[in-house]
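Consider the two complexes below, in which subunit A is the common component and subunit B and subunit C are the respective partners.
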Partner chain A sequence: MIKKVVTASVLALVGVAALNAGTYNAQAEKDRQALVKYFEKKFANPEKSKNQFFPYTSDKELKDNYAKGLKFNDFRLGSYAFSKEGKSQYDELNEMPPYEDNVDAGEELYNSTKGIKQCFPDPAIAGEYPKFDDKSGKVVTLEAAINDCLKANGQKPWNMKKGKLADLEAYFAAKSKEAGKKVDIKIQSKAAAAAYESGKKIYYSQRGYLKLSCATCHVQGAGERVRREYLSPLLGHTTHFPVYRLKWQGLGTMERRIGGCEKNQGENPHKANSQWVAKMIYFMSYMSNGLPVDGPDIRK
Partner chain B sequence: MQRMKLFLAASAMAGLLSVGASAGNADLVKQGEKIFNTKKIGNCLACHAVNGKNINNPGTLGPKLQGLSAWPAEALYAKVYNPYTTNPISAMPPFGLNGVLDDHQIKAVVAYLKTVK
Partner chain C sequence: MKTMIKVATILGLGAALAISASAEEVTPMVKEAAKLDVKKVCDVKANGLKKVLAVAEKYNPEAVKLGVEFKRLGITNSVYIKGLKKAIAKKEKKVTLHYKAKGKKKQKTFPVDYATWRACTFAVRSLQQVDEAQKTWRLAVPGDGYKF
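Now for the complex of A and B:
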């Protein structure tokens, strides 16, 4: 009897120790798994689950244009994962990827820009950002880390939305993809967990004069259309940036894309270098943990 | 504040009844249709197809609108003014509450919606 009690409490102790080491991401991990489950269910068979998930889409469209049986790894493709029509356009565009020159320009910048190689000795790091910096108590996006590095080397920071910074990131993304890296966001302190929570809150709150939340369009609304655009799921949103957008006729970072979507909500976009944006990207990126990095990519 | 808004909405609706009754509202219907289909104004087509109307690439985030001619004008006004009154978790923006559309514009949209079979 006594022996049993002892074993039980030893086990409990071990449990507590394990808990302390890895609990800061416990809530985030729960959220992530729930999200994956939700999307796998939503896109298992859209035609059959119309009432539950696609109440306003016609039977014909669900039958003709929606792929079935999507699994975790498929979600890195955004709306092309489920829209058959979108996928065939995407495949066509990819025969001559327009971002290849950007990757080359990025490699050139990597080798020639003072300090960059020292700050980022391994370029295959696209899946590791944003990071939480416990010293400053801030979320550091890859864009911010690059600019911090430039400043530390006596140079002017770059535009966080496009141009040189996007090119350098295209190179980082390509190297990460080549190395088979996955999205691997860490939450390792109480303050980091709090930053994650506030990013989540921002993502799910209604904003702007249209009172839409990001989730209205990219969680509940994912798979439905705004005009002719299929809405991509939150899961997989951060795997492939920077993105070459036909609308932009060029490359853009996550900050650039988010600014556009804030306008969709009827909101004045927040500054690209704000913690507001950084925390949201921290949350969004954690949601894609475990997916392969596959940037740069192309979108309409 | 909330009460004030409700009051405003209510009086706007009272005004609407007289407008809706007049037979010569073809012009108003036209204005409403334009608001419905214009991106920078109502942009309703972003989410809604409309039964019997030929709309260029309407979205599917909201239901295909049908049978609205049977709705009381007040109910349509309320829906567009603030969908949360009847559906607190609606994904539809509150066009009146936030001043995206003014009273006259909403009346025009309602006149248009009343033509939807």
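Now for the complex of A and C:
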């Protein structure tokens, strides 16, 4: 009898362990696939699906300015994937990319900053971050990893929103793009799955005095226009950072952009090095898994 | 033996699912704020400035702690409350709020009763939204509550 109980318990434990090992990213993968399906359906034929997805957009605009039949890979371009007018302006700007000097400055920093080469022997790592560190129980963004490396080498951390850190990140992104790397975010433990879920909840929860969630604009609202600008889709959001924004007249990180969005929502922005922001980027980046790294890039 | 394996597997599955679920924090103060009628508790005419400001002072620190404090046109609710405490103590009709935006020092002046109402509604609503979000956030997730 005892033997049978022990056998049953061992089998159950092995079963649970196997279940968890294989399913840490199961929910995230389900979410990602549903998101891809949603955006592909939304942008299959905007003119035809006006009533369902674009009730506030005129027939003329949908006919003249919206591309049809977008597929997964197209979403790496953000709103330029569907806006014909935006795409033509984007192509013009990219004839002389304003971020090229930043990539060069990043390469210089990579070679000259104490410890950086040792911490990141392969610079083509832009698609691998954020990572979940099981030891500390924290999500580590690329920006945080760079600053951790600097601190470990006795140096002061850099501003996580712009400047040197954005330049170095631009170099990492350029090398990743050159190597044909794709976004490849891993969820390999129970704690990592919990951090992902937390980031997802933050993304979809309404906050601020305007009671907006990130999804209000970038999932349900993606493709709609606010004044002259089109709202970009969540799918592909993290592929092209750091970005050179015309509004900033310079390069900025994902953390910088999120801070701007939080202000627009009517809430006090979270600190760039907070786990709140890191968890949200972890969720957002997982949603872009499989898309090519496309940074650095230009945005309005 | 088969029954035991079934029971153990069901227990195991249950445990795995329970572990995977994320329990987001709804604090006792969030629950308390959720029960308030914001129009009533923040009514300056009915309750007076001091009482309405006290509501803001009670709930806003929790909003700060939970990372959901409201900010409008560069001014956080904490700045409203700080400025109002001084203005109400001095029985002033207007309050000048000092804040920083894009690294620059700025200031704006508001009528005290209006700013007090705002500070109170911002404090209470920020917590009420935390409570509401527990029931609504999944409704926006494609493949979950959002059908398309």
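For the reader, a short list of remarks on this structure follows.
Assume the second predicted complex is superposed on the first by the 279 of 300 C-alpha atoms of A that agree within 3 Å, B and C clash if a C-alpha of one lies under 4 Å from a C-alpha of the other, contacts with A are read in each partner's own complex, and residues count from 1 in each chain.
Basically, a residue touches a chain if its C-beta (ideal position, glycine included) is under 8 Å from a C-beta of that chain, and two chains touch if they have at least 3 such contacts.
The structure presented is a predicted model; accordingly, all values stated were derived computationally and were not measured.
Once the two complexes are laid over each other on the shared chain, residue contacts for A:Gln33 go to subunit C alone; subunit B is not touched.
Shared-chain residue A:Ala194: touches subunit C; no touch with subunit B.
Applying the stated contact rule after C-alpha superposition, one finds that A:Lys263 touches subunit C and leaves subunit B untouched. With both complexes superposed, C is the one of subunit B and subunit C in contact with more subunit A residues.
Contact with neither subunit B nor subunit C is seen for A:Gly115 once the two complexes are overlaid on the shared chain. Contact with subunit B, but none with subunit C, is seen for A:Tyr56 once the two complexes are overlaid on the shared chain. By the document's definition of touching, of the two partners only subunit B reaches A:Cys217; subunit C does not. Using the contact criterion defined above for the overlaid structures, shared-chain residue A:Pro98 touches neither subunit B nor subunit C, since it reaches no partner. By the touch criterion defined above, A:Pro157 reaches neither subunit B nor subunit C. By the touch criterion stated above, A:Val226 is placed in contact with subunit B alone, subunit C being left untouched. Of the residues of subunit A, those at positions 209, 211, 216, 220, 266 touch subunit B in one of the two structures and subunit C in the other. Subunit C makes touch with subunit A in their complex at residues 1, 4-5, 8-9, 11-13, 15-16, 19-22, 24, 64, 67-72, 76-77, 122, 125-126, 129-130, 132-133, 136-138, 140-144, 146, 148. By the touch criterion given at the top, residues 4-5, 7-9, 11-13, 15-16, 19-20, 23, 27, 30-31, 33-35, 37-38, 41-42, 52, 190, 193-194, 197-198, 200-201, 204-209, 211, 213, 215-216, 219-220, 263, 266-270, 274, 276 of subunit A touch subunit C in their complex.
For subunit A in complex with subunit B, the residues that touch the partner chain are 54-58, 61, 209-212, 216-217, 220-221, 224-229, 231, 266.
Put simply, subunit B touches subunit A in their complex at residues 45-47, 57-64, 91, 93-94, 98-100.
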